[in-house]
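Next come the structures, one after another.
What follows is subunit A paired twice: with subunit B in the first complex and subunit C in the second.
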Partner chain A sequence: MNKRTGRLLAGPYLFWMIGFVILPLLFVFVYAFTNSDGNISLEAFRTIFTATNAKAIGLSLELGLLTTVICLLLAYPLAMILNGLKIKSQSFIVFIFMLPMWMNFMLRILAWKQLLNKNGVLNAFLSLLGLPGIDILNTPAAVVFGMVYDFLPFMLLPIYNAMSRIRQDWIEAARDLGAGNLLILVRIIFPLTLSGVISGIVMVFVPSLTSFAISQILGGGKVLLIGNVIEQDFMQGNQWNAGSSLSMILMIFVLLSMAIMNLFQHDEEGTQLW
Partner chain B sequence: MGKKHLIDFVDISKSYHHNLVLDEFNLYIRENEFVTLLGPSGCGKTTTLRLLGGFEKPDKGQILFDGADITNVPANERKLNTVFQKYSLFPHMSIAENIAFGLKIAKKSDAYIKDKISYALKLVNLDGYENRSVDSLSGGQQQRIAIARAIVNEPKVLLLDEPLGALDLKLRQSMQYELMRLKDELGITFVYVTHDQEEALTMSDTIVVMNQGYIQQIGTPEGIYNEPENAFVADFIGHSNIIDGIMLHDELVEILGVPMPCVDKGFGINKPVDVVIRPEDVELVAPGSGKLHGTVISNLFKGVHYELEVRAAGYEWLVHTTKYYEVGQEVDLDVIPFNIQIMHKPESSDEKAVEIDE
Partner chain C sequence: MVKKTLSRIYIFLIFLFLYAPILVLAVLSFNRSDSRVSWGGFTLSRYVACFESESIMSAFATTLEITFCSAVIATIIGTLAAMGISSMKKRGQAIYLGATNIPLLNADIVTGISMMLLFVRFTNLGFVTVLIAHITFNIPYVILNVLPKLKQANRSTYEAALDLGASPVRAFFTVTWPEIRSGVFSGFLMAVTMSLDDFSITYFTKGAGVNTLSTMLYAQLRKGIKPELYALSTILFLTVLLLLIATNINGDKKVDNRLIRRVISAVIMLALFTGSVFVLVQQHRISGGGDRTITVLNYGKYIDGELLDRFERETGITVKYEEYEEPEEMYTKYKAGAISYDLICTSDYIIEKLIEEDELLPIDDSQLTNYENIDPALIEMSTFDPSHQYTIPYFYGTLGILYNTKDYSEDQVKSWDLIWDKQVSGHLIMTNSVRDAFSPALIACGYSINDTDPAHLKEAQMVLSRQKPMVSAYYVDETANEMIAENASLAVCYSGEAALAMDENEHLKYIVPDEGSNLWIDSWFVPKSCRNYQDALTFLDFLCDNEVALQNFEYVYYASPILYVQTHMDIDDRLNSAINPENRVTRNCEVYRALDNDTSAYLNTLWQELKSQ
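Up next, the complex of A and B:
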């Protein structure tokens, strides 16, 4: 294949990139640095430094971190258990964990809204057992619950991937050299799954930070994340400039977190998913 | 050698999924001995090594180490180290960190560890490799690091599981010399597992030939090669002519209808036996002057010798000779009594494992 046909083949992809990635980003950029009259100004950035926005950013970071930590604490032992299972049942159980991902996530979140409702299925079940009901709908706890539920597979998969690559004979070699279970975990298993853990952290933290649908549905409009503020700016307040500048800020957070993760990422085998 | 037993396997049985791998297995290993467990795949040699290493538990029986029962002692508390078939170096550590792994767990001082690393690297001829990554080393180099990583812990026994299996012939031979040198320098016991009979003959003080979970023969390399106890050992150690024979009486055996004098006694009268004759022990003589008359049916040049197939008395004899013979040439075969090995036919269940299935 000569150079020219090679370039031609890249055409549709290039068109896609420009039309659906670069141009929209440019629009956001332009809106962020202009005012409502279309003149260049930093007015939009000035207007976003309000108490509401700062609170929304703070809450987004807090809930994002919390979600990430909970996902990690759940996914790591789970990946270890899955990896220890017999080969046949292993892939089936991983499949079970992946199955919900193939359903529309809005539907799943809406289902949780029904389940978590004060008069919903969960509380009906609890009262049947004589237990006190829980009322977490429309609180940050519900939002975190929804995000953990939604993003857990993104934490589980890269860790499980990294873990399944650890050869049994490395473990045996470590044991042979005098390492007990704890030392094997700390010195062998954890370092060898670190790249998967980092991928998982990014894969969970970034969507949690930018999520708005989960907080809207399970937070009932009472939990305002940065994503919700942006959505309101665009859809309700017609403040495209402020929304764009907030998006820019959010993008900086995302890029920053990815850059930090990249510092720790030394994996050439492709454990990372992005 | 008369040295005391360091390791004793006592009545060990082990099965996987109802598949008996070792059956009432007994073996002792002396101090500072190079013992090779030799056999085809599935003979139980690797299982024996893994039982000793502590990676498997026997269903029945005891393993004694220096007189103490270690059957239930976990691998990390046994005073022996293993060199694995796949090298098994930790990929996330440098060469120095790999070698230091066991020493750090044993809480040795930094200075001691540093000394040990450079000593071990010198021993395996890889000094200066401290900070290299595992990936940047060839298979042979990785194997030597694996050996270094094991010996810095000063184990009493070094277990080696087909450590040279993945290397090419030249490298394998030079590693064989290195292993023998290491054994002499370190003065520790080597338990070596292989299916390569040449490797076993070259390096071992004692060879344990195994098949289907039973020990077939224990002996020195010379003993195993020159006096195989049964048809399996004879066939597994080098090529052999293994022929059905009848022991007419002491020192006379009938092979393919021809009585031949031999040196063996005590087999009884008119007993069916297996007869082993090494290809280099078959002599080709002028027609009319030997015991069996035959025709050369193939001739392969092997470098040091020619490998002939000679059909005589209905059997295709494998013959090694330094003289050239034409295919189709008529020759006579002769064997001196000393070179005829007589072996019992297998009778008991233990001995069933001697049957050769190829």
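Up next, the complex of A and C:
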């Protein structure tokens, strides 16, 4: 196979990508910059800058950031502990933590809905212990809960991968040179896992920023995220132009977070997820 | 030592966090009692119900089919693409890889919407559109798994093979393939995983009647959770657990694990393949009915399935029956030209809009031998069809208050005033449907529920925003379940939803407040896209038959416009105001009129403002 025929092998993919990735995005672009009569207009963009949408974007950013921070705080120590375990089959440990991710996304939300219910399992358990019940279903807290549960593996895996690549010699060398545990963590482990942390952040932040199903189900229809506004615009309100322009705004956020990720990641396999 | 204990505890806690929900569902799946907190004995009936449930099984089959087909096609295109990309110069590679990242890193909702916009422009939404969408987001995973293997592969051995006279194809299979095989395989598995788990993209690209597990569950979760789903979740979990343990154990022992892996992958492939064939055969059986086929679109669970079989037997006409959840969803897709049906059942105000847009064909009553069976009062009330020539009423009901008699007396709920009162704080469920939520508010301000004056609507919004802090949740389909479980004691909902809930919990009662409310009539109409007018009318006539209507009523449990049903139903049902609104009630009620585009957009804005407060 010479180089030219080799390149032809990517032909079907090129065709597919233009037809089903680029063209659809152009459609979003066209809808965003036209009005309902099909004329070019900025009307859709004007209508999206309302207090409602601003609040929805604000809340999405807030809950997305909160989810990301909680995931990071939970996953980083976990990755360190898992990495430190002197167990022969580390892959088995990782697999145990990944297993819930293989179950259907909706079933995982269903599980939390059952647990968090006012008359649900968690409260029955708490009252058995004589503790006061919690009532967070249908609040933003429940949405964050659900998102942390769903996206935690996305944070854990890249960090764990980065950490398992750190060679024990380096840490021992640092220790020989008199560094304490904290110093080793701050000066050696953290910088070496930074790329994992960054890709974990992006992989948690983007889906939690744009989620609409979790907020719909666990938020009881009271938590309006930007994803919910877009979904309503398309599926119920018949306002495709406004929905498209909001989608463009979302894309800007996604591009921004991708750019940040690229800034920190110089290694070749940066695009590889795990 | 302390540190070790601490990390053990930490691992355990995270472990608990991850597994407790799954375990709880597993335990509940064996619970005989419907309650979520008390144990009523061991049963396997949930599992039987799960396998008997048509919606679960067909969604499961569709999921397997989409997953398998999309993963195979994506693996082929992706592997070829990876080979092509690896033989490109650096710049070409960068461009391709950049584009590959788009579906990977873009928000799912944007990917889904963009494809929906493309598809509705050129074709109908359906199985194929979902398949295309899945292939599109699967390809990048394959490429990213194969490319590193190609980079590691030694190019010169391949060239050596060529020099020694092998054909490119032979050289590929004997030299390159063994080196990239593991990458192709993990790419395939990754594609399977992503496809199985996807919700958002499927949600936007699917047509009515096509459901994967995720979209089916989404609809069900909003409606209220059925115990069959616990069984489903447990089965899925065990399957995944067994598969992963199998692949993992043989990964540890080096006992000819290649063979074992091959066997396992062959089994997976075979399972997926037989599943797909099974589904294809079944679909063929359903659709292969000859010329006399009608395509019918109705709300979910809105007909007794036995009646469909009986109609097919008696007339020889095949019914392709599809369901949808939200009228607005149906309207949006209908207007986008994504649906073509012979007969559609939907809500009054949507029909009025469609009549204004001249989308309907008149129904010739003279061909309906059972037309006289319909209560003339109901036809009279169908003001959304002023000339009474486009629609046949199917079921009707009211919007009212469902309350728990343990907490409220009938006197208290006789008026809408109660739902604005501080005392209901924290246990009120408000309807999540725009017009139904505004109706009581408009009534509270002394206006008609069809008022279009922006100032009046704004006033109603003020009432609703004062109410919002007291509302525990905005629901539509989940209301019945939440009230049965007594998570709330007061709900604004439809009479049909209320009847269902009252059947399950004896403390619940339903009332239409004295100030009046909305009376809704769901009716059948024939869209202009109809291709089999005669047989569509035969189906309508069948539904208006006295005995058929009675049987259908006993299944659907909404008020029927067929006079015979009104006189022959069970005496308890007749007295149940949730099922059978009294005349006193219907006199005070109004049917929704279609809103003009400006008003409906303004109402939407007000609603979103309210929701974001």
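Heads up, the rule we're going with is that the second predicted complex is superposed on the first by the 260 of 274 C-alpha atoms of A that agree within 3 Å, B and C clash if a C-alpha of one lies under 4 Å from a C-alpha of the other, contacts with A are read in each partner's own complex, and residues count from 1 in each chain.
The working rule: contacts are C-beta pairs under 8 Å (C-beta built on N, C-alpha and C of every residue); 3 or more make two chains touch, one makes a residue touch a chain.
Values in this document were obtained by computation on a predicted structure and should not be read as measured data.
After overlaying the two complexes on the shared chain, residue contacts for A:S199 are found with neither subunit B nor subunit C.
In the superposed pair of complexes, A:N161 makes contact with neither subunit B nor subunit C. Contact with subunit B, but none with subunit C, is seen for A:D169 once the two complexes are overlaid on the shared chain. By the touch criterion defined above, A:S245 lies against neither subunit B nor subunit C after alignment on the C-alpha atoms of chain A. Contacts of A:P24 after superposition on the shared chain: subunit C is touched, whereas subunit B is not.
Applying the stated contact rule after C-alpha superposition, one finds that A:W112 touches subunit C and leaves subunit B untouched.
In the three-chain superposition model, subunit A touches subunit B and subunit C at no common residue. Interface of subunit B with subunit A (complex): residues 53-55, 74-77, 81-82, 84-86, 88-92, 101-102, 105-106, 149-150, 153. The touching residues of subunit C, when paired with subunit A in their complex, are 7, 10-11, 14-15, 17-22, 24-25, 28, 36-37, 77-78, 80-81, 83-88, 92, 96-97, 99-111, 113-118, 121, 132-133, 135-136, 139, 143-144, 148, 158, 162, 168, 171-172, 193, 196-197, 199-200, 203-204, 213-214, 217-218, 221-222, 225, 229, 232-233, 236-237, 240-241, 244, 248, 251-252, 326, 328-329, 331-332, 335, 432, 471-475, 485-487, 601, 604-605, 608-609, 611-613. By the touch criterion stated above, subunit A contacts subunit B in their complex at residues 167, 169-170, 172-180, 183, 187-188, 191-192.
By the touch criterion stated above, subunit A contacts subunit C in their complex at residues 1, 3, 5-14, 16-17, 20-25, 27-28, 31, 50-53, 55-56, 59, 74, 77-78, 81-82, 84, 88-89, 91-92, 95-97, 99-115, 117-121, 124, 137-138, 149, 152, 202, 206-207, 209-210, 212-213, 216-217, 220-222, 224, 227, 229-232, 234-240, 243-244, 247, 250-251, 254, 258, 269, 271-273.
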